[in-house]
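Chain lettering (A, B, C and D) follows the sequence in which the chains are written, and residue indices restart at 1 in each chain.
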Amino acid sequence: MLRFPVATRYSDYDAKGHVNNAVYFSYFESARVSALAEHFIRTMDMRDAVDPPIIVAEARIKYVSPARIGEPLEIEISVAEIRTKGFSFHYRIVDARDDRLVAEGETVQVAYDYEAKRPMPIPPSMRAGLEAM
Amino acid sequence: MLRFPVATRYSDYDAKGHVNNAVYFSYFESARVSALAEHFIRTMDMRDAVDPPIIVAEARIKYVSPARIGEPLEIEISVAEIRTKGFSFHYRIVDARDDRLVAEGETVQVAYDYEAKRPMPIPPSMRAGLEAM
Amino acid sequence: MLRFPVATRYSDYDAKGHVNNAVYFSYFESARVSALAEHFIRTMDMRDAVDPPIIVAEARIKYVSPARIGEPLEIEISVAEIRTKGFSFHYRIVDARDDRLVAEGETVQVAYDYEAKRPMPIPPSMRAGLEAM
Amino acid sequence: MLRFPVATRYSDYDAKGHVNNAVYFSYFESARVSALAEHFIRTMDMRDAVDPPIIVAEARIKYVSPARIGEPLEIEISVAEIRTKGFSFHYRIVDARDDRLVAEGETVQVAYDYEAKRPMPIPPSMRAGLEAM
């Protein structure tokens, strides 16, 4: 499990003063990119770390409590499942001050060969990174 | 079921030239707002139509095929389920030229009394609008 | 001069219920893309119309009055100046109901040869399109 | 002058792999909010630091060189001018590795009394914060 601060932006907040529903998926994405870039850097080659050979196939979220302007947020990302061609991440977004749960969700990724344009088995280096996460 | 064109923006597309994962939830949101504003206008009062007394509690999506720059998109929104305090919308985003499925998903909404700050039964006028949709 | 409706999104509005400052530049961009795609289609080849060989070099805006949720907006785009390698667009965003001015601005574009990776003179077909706009 | 890292997001990059034009204004906004929140906290009361009594009246930018995926960015913000009712910030966005200039711009702010709904002289505490920045 990894935990990162969320760099919220003023424009993330909607007219109710809450983080907009769609923006949480950008937070998930940032955590995913950070996890792949910072943590897997030892096992994957550099280019794959920045632009990994995966496709996001599914995403889901439960909004538990609103995040208001000025509240510091953190996001936890962990590997929920690893299969042959895909894997899933679980996310928890919390208030950094008291761990109040704001939202939690999941994304399913498929390893994808962008040159052959088709799914592929998870490369061993990526699998090692996921298992160590 | 209602169907709207999707007003895509150049900034919706990511470095792969595909609509970014998180942006689809903005498309869902726009369809939801249009459905409530344009369709329910007869049964709900004007203020509720623009800023309806609901909270989005859950959202999920399956990404079926990428949407590329220049491809015209349309979104279908329909009511999937109506319960006492909540209801769910189903969405399908398609290529407007051949109905190729790009993504489909669902959001769960809860009727919410913003003054009392708690969930409430779906108001009769909103229920009528949902049933007619 | 061309005039388009602005397809606002709920997430465009910030915690004050106004369109966020940065979002106006996305409205400028959409108007620019629409102008190039719909209007110049006769004089430019199709690929250039969707992804024109230009770089935006400068942008500026004056915020005149706030745009609130529910207010219908329209945007006017016109050619302000054409030089050898560059040209500028002028934009006016107005309330569609009474033409109240919300914001006005300008962007400067440079014709750019993406293969040679350097600015180039404006292609004749693009110049013709700009002069007819 | 203050300098902050820019927390870029994957969705900030457009189909050319460059930070989208409009997104730079969100970077300006984040720097502005950080400057007001972190730096002026001594002289302004807490509420004003989070949601300061100002309106952005103008903004402009020059795009000098593109920012590509994986390039770490930093932003400098400084006070360019202080007048009776308004002041302007100057911004420089650079590659954190070699200070290559990516973009520079300016925003003009007006002190605004949100209750009286009109511009006001810059409050002394805010003026002190600006002069010390």
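Please note the rule applied: contacts are C-beta pairs under 8 Å (C-beta built on N, C-alpha and C of every residue); 3 or more make two chains touch, one makes a residue touch a chain.
Predicted, not measured: the structure shown is a model, and the values here were computed from it.
Visitor: Between copies chain B and chain C, what's the superposition rotation on C-alpha atoms, in steps of 5 degrees?
Guide: Value: 180 degrees, nearest 5.
Visitor: At the chain A/chain D interface, shared numbers over all numbers used: above half (same) or below half (different)?
Guide: Interface between chain A and chain D is built from largely the same residues.
Visitor: For the chain pairs B-D and A-B, which is connected through the larger number of C-beta pairs in contact?
Guide: Greater number of contacting C-beta pairs: A-B.
Visitor: Please report how many Å separate the Cα centroid of chain A from that of chain D, as a whole number.
Guide: 28
Visitor: In whole angstrom, how far does the Cα centroid of chain A sit from the Cα centroid of chain B?
Guide: 23
Visitor: What's the distance between the Cα centroids of chain B and chain D, rounded to whole Å?
Guide: 34
Visitor: Give me the residue numbers in chain D that touch at least two other chains, ranges are fine.
Guide: Residues 10-11, 15, 20, 22-23, 26, 29, 51, 69.
Visitor: Spell out the residues on chain D that touch chain A in their complex, using ranges where they run on.
Guide: Where chain D meets chain A, its residues are 7, 9-11, 26, 29-30, 33, 50-51, 69-70.
Visitor: Quick check on the complex: what are the chain D residues that touch chain C?
Guide: 15, 20-23, 25-26, 28-29, 51, 55-63
Visitor: Chain B touches which residues of chain D in the complex?
Guide: Those in contact with chain B are residues 10-11, 13-17, 20, 22-23, 69.
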